[in-house]
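Quick one: this structure, given as structure tokens, is what I'll be asking you about.
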Amino acid sequence: MSNVIECKNLTHYYGKKLVYENLNINVKEGSILGLLGKNGAGKTTTINILHGFLQPREGECLIFGENTQNLSPITKSRIGFLIEGHVQYAFMDIHQIEKFYSGFYPKWNNEPYWELMSKLKVTPKQKISTMSCGQKSQVALGLILAQEPDLLILDDFSMGLDPGYRRLFIDYLRTYAKAENKTIFATSHIVQDMERLIDDVLIMDYNRVLAQSSIGDFMGNFKQFNFKLNSPGIDLSKEDFVVNLETTGKEIELFTYESESFVKDFLKKNNISVDNFTEIKMGLEDAFIGLTGKY
Amino acid sequence: MYKSVFYKEWIKTKWFLILLSLIGLLAVGNIFLKVQHNITFNGANKYWYLILFQNQLYFKSLKFVPLLIGLTIALIQYIPEIMDKRIKLTFHLPINEDKILLIMLGYGTFGLVVSFGLIFSFFSIMSSHYFGKEIVDAAIISVLPWFLAGLAAYFLAALVILEAIWKYRALYFIAAASFLLLFFEGGIAGSYSPVNFKLIILTLLISISLIFSAYRFRKGEM
Amino acid sequence: MKKISRYILVFITILAFAVAIPKLYWLAFEKPIQAPLVMYSCIDDGFMIQYYDQEFIRTDTKGNIYTRDEFELKLPLFYIRQLLINGTMPDTIKGVAMDVHEISRTKSSYRYRPLYKNAPDPGLYPLFESESGRANLEMPLDYFRIKERMEFVIASSNKVDERKTQMFTTVLNNRGFVFPSKMIAGLPTTRKTIDEGYIVIDDADQMFHVKMVEGEPYVKKVDVPEGLKFKRIECVDFKDRKYYSYLISDANELYILTQDDYELIKWPVEDFNPEIEELRIYGDLFNYTITLKGPNYLNITVLDDKYNKVDQYYDSWTALSETKAGKAAAFIFPAEIRMTDANSSFVNFYFERTKGFLWLILNVLLMAIHYTIIRKNGFKLKRNLIDFTVILITGIYGFLAVNFFQNKFFD
């Protein structure tokens, strides 16, 4: 399977502040990649480079083999962009906006659009500006789906949505993508939703990539162990296998890619006495926080 | 494609275009009500005399009407594009970015030309009804730069609005305002005759200025 | 296209700033420069000069200083009303008895400015009734133009008066007039003593005197010497009725057209430049004082009443470019563009290059500043060579323009 998105050696600075260095991202055809990161970690920078609104200091991003700085109209017609906040032409109503977009896309298929619209309780003449965030998100999604794009780039799609709409959005999207072999690149700051949607995960932190793998591998290999530390004054956070360590008094939350036996062996070897050693089952959000830290 | 862009711009601007054109026509109507009044009270020959030899500009109140129309249309057309950085949607459309901007600009220009054309024609017809050809010709030479200023203001306002950084927006505004002053030097009727053609060329040149700020936006200056 | 759009913006900004910045500069720093008042004294047969330097100073060409009263006594015909009040008006001057009526009859004052000539033609003129039998002139109900015929347009209806048009056109044709007219000169005002109609130049450069007498056309062809053409004719309304008009020939000579016998007499005035010089003619019982006023000089010729040259005088004062503000401007501005000009009624781009090359110092300085700006922003020098050239040539204007419209992505 070929890569739909290929970013090679991306390096970018804002002024003198490094955003990231030598970042590589590949998104395979038919896969759904979730880009996770805290605010300021470079999510928006990456999205802007993919959108062609930012020229990276070094490196390049290719979509369908074309540099995102100068996408040809044909390639752009194969990409559905969802802009942060589900921004759309708010001065139109749902009929006007459908009419507007249909003029640009040769493969325009308004079925999924009207299917989504039929679930909205909006009047035919209602301006998009007067709709709720959830309704707007459905309009924006419907328009992208009607384009019949091969790739969807969704920037913070969950923003402003209440849980029901979020679920609706994600389920609709995944079913659609899998049925039609679409590729999706998505970011969201509500991590828990992503688990239902994505195949692969890319977690960014300031200046670096913390994790880049399939969601299955990541959730399978990344573990949390909680225990009570009896020996005071021992600092485990400097150890190589420790990805992150949260301490509350004597209570320790340890995050690692190593197995339970490895950790236990390590503690034994170093004569560190602990109580209540338990592995905690994590959701994606827990894992995300475990990996990036609470602060 | 063209139809779609025109359709979107039409949704944004239709009421303003119609309303502003009506206001422009009313402004012309008002001018000739005053002309009629002056002729009734002072006699046509004395009024002609004031116009021909005392430098009375009967059309003076038209001065800023095209400017206001041009600026308003630019605001109505481009402010919704920059709110929430909506212009991104436009750039994502499967069409060359400069081309779609020029189509949008072409729509606005066409709308203004139609609106100005109506107002200008009405003005010319009414002038020709009341005054001799020489008076009308001088009046047309004098009002032409005002209509050009309306177009120039539209083009430059697009440039200023699409610029995303306030500092540069302010600098563009200063440059644009200084430039627009050239169209409003005043003077006696017909005084713009040596310069009108040059102003037409300059107005045509700046028509594509929004390409500049839009390109900056696309390259991350926001 | 992006690059072109930037250069267009830079260009129009330079243009707009070359107009706006000097305008603001002069508004802030220009000081009034008063030209001296120079008159010819019939008492001394010499020039009397009044100028302002903290206070009014009255002097003559020999350097004598006068009080106000003494000064006015030297110019009795000019200050006659004041001398009459003071009771100091002499009874005779040069053996001529001073008759108030005669002094007033022979007194004339006239001014021409270049912007009268460099102005749009009205194209429509009122033709007054020259012998209405009324004390005051009345504004006619129609206006005439001379195109393929002499057309009278009735103002109230905006329609051509065919009968009157026919009548005047026929007479003009009979007199050999070649339509259309090249110039129509007259005094289109009711505020004159009597009407003498218009002096008209036809398409074959022939001169005609056209007026209306008791509703009928009066057309007189004026004999103009072969090869003599006029660029400007200024009709006058003086009580002595010696001549119809002053005329400026294509060779910048000054003529008068005498009344009744239509003689063109050349006045001995040299080096008149009607494009930039104001012309003032003051006539009295004894003399004509012809003042050519340039931007910073006066060139005065005095004629006797037979139009023979009797004296001349030249005076100059500090030019604007020599004042402090002017010298500073020569350092700041490589050139200025004005939309209006003191010598023209037309709006245009009046380009004026600054004399000398002092401004190059500032331009090079601005290039250095621009270099530091470029370095600070991490732009490449090579990409900015055109911008540097623009600054070198256009200085402050170009410096502002290229920095207003940043050269960030345009290589």
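Letters are used for the chains, namely A, B and C, taken in the order the chains are written, and counting of residues starts over at 1 for each.
Heads up, the rule we're going with is that a residue touches a chain if its C-beta (ideal position, glycine included) is under 8 Å from a C-beta of that chain, and two chains touch if they have at least 3 such contacts.
Owing to the predicted nature of the structure, the values given are computational and were not obtained by experimental measurement.
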| message | Quick check for you: compute each chain's CA centroid and the global CA centroid, then name the chain with the smallest gap between them. | response | B
| Highest contact-pair count belongs to which two chains? | B-C
| message | Taking each chain's centre as the mean of its C-alpha atoms, which one ends up farthest from the centre of chain C? | response | A
| message | Could you work out how far the Cα centre of chain A sits from that of chain C, in whole Å? | response | 77
| remark: Between the Cα centroids of chain A and chain B the separation in whole angstrom comes to 47
| remark: Between the Cα centroids of chain B and chain C the separation in whole angstrom comes to 35
| query | Counting only residues that touch at least 2 other chains, which ones in chain C make the list? | reply | 409
| remark: Multi-chain contacts in chain B, i.e. residues touching at least two other chains, fall at 219
| message | At least two partner chains per residue is the criterion; list those residues in chain A. | response | 55
| query | What part of chain A is in contact with chain B in the complex they form? | reply | 48, 51-55, 73-74, 76-77, 79, 81, 83, 85, 87-92, 96, 99-105
| For chain B, which residues count as touching chain C in their complex? | 39, 43-49, 52-53, 98, 128-135, 137-138, 141, 159, 168, 171-172, 174-175, 178-179, 181-182, 185, 187-195, 198, 202, 205-206, 208-212, 215-216, 219, 221
| note | So, in the complex, the side of chain C touching chain B is made of residues 1-2, 4-6, 8-9, 11-13, 15-17, 19-20, 119-126, 139-143, 145, 153, 155-156, 158, 188-189, 339-340, 345-349, 401, 404-406, 408-409
| Which residues of chain B touch chain A in their complex? | 1, 3-4, 7-8, 11-12, 80, 83-86, 88-89, 91-96, 217-220, 222
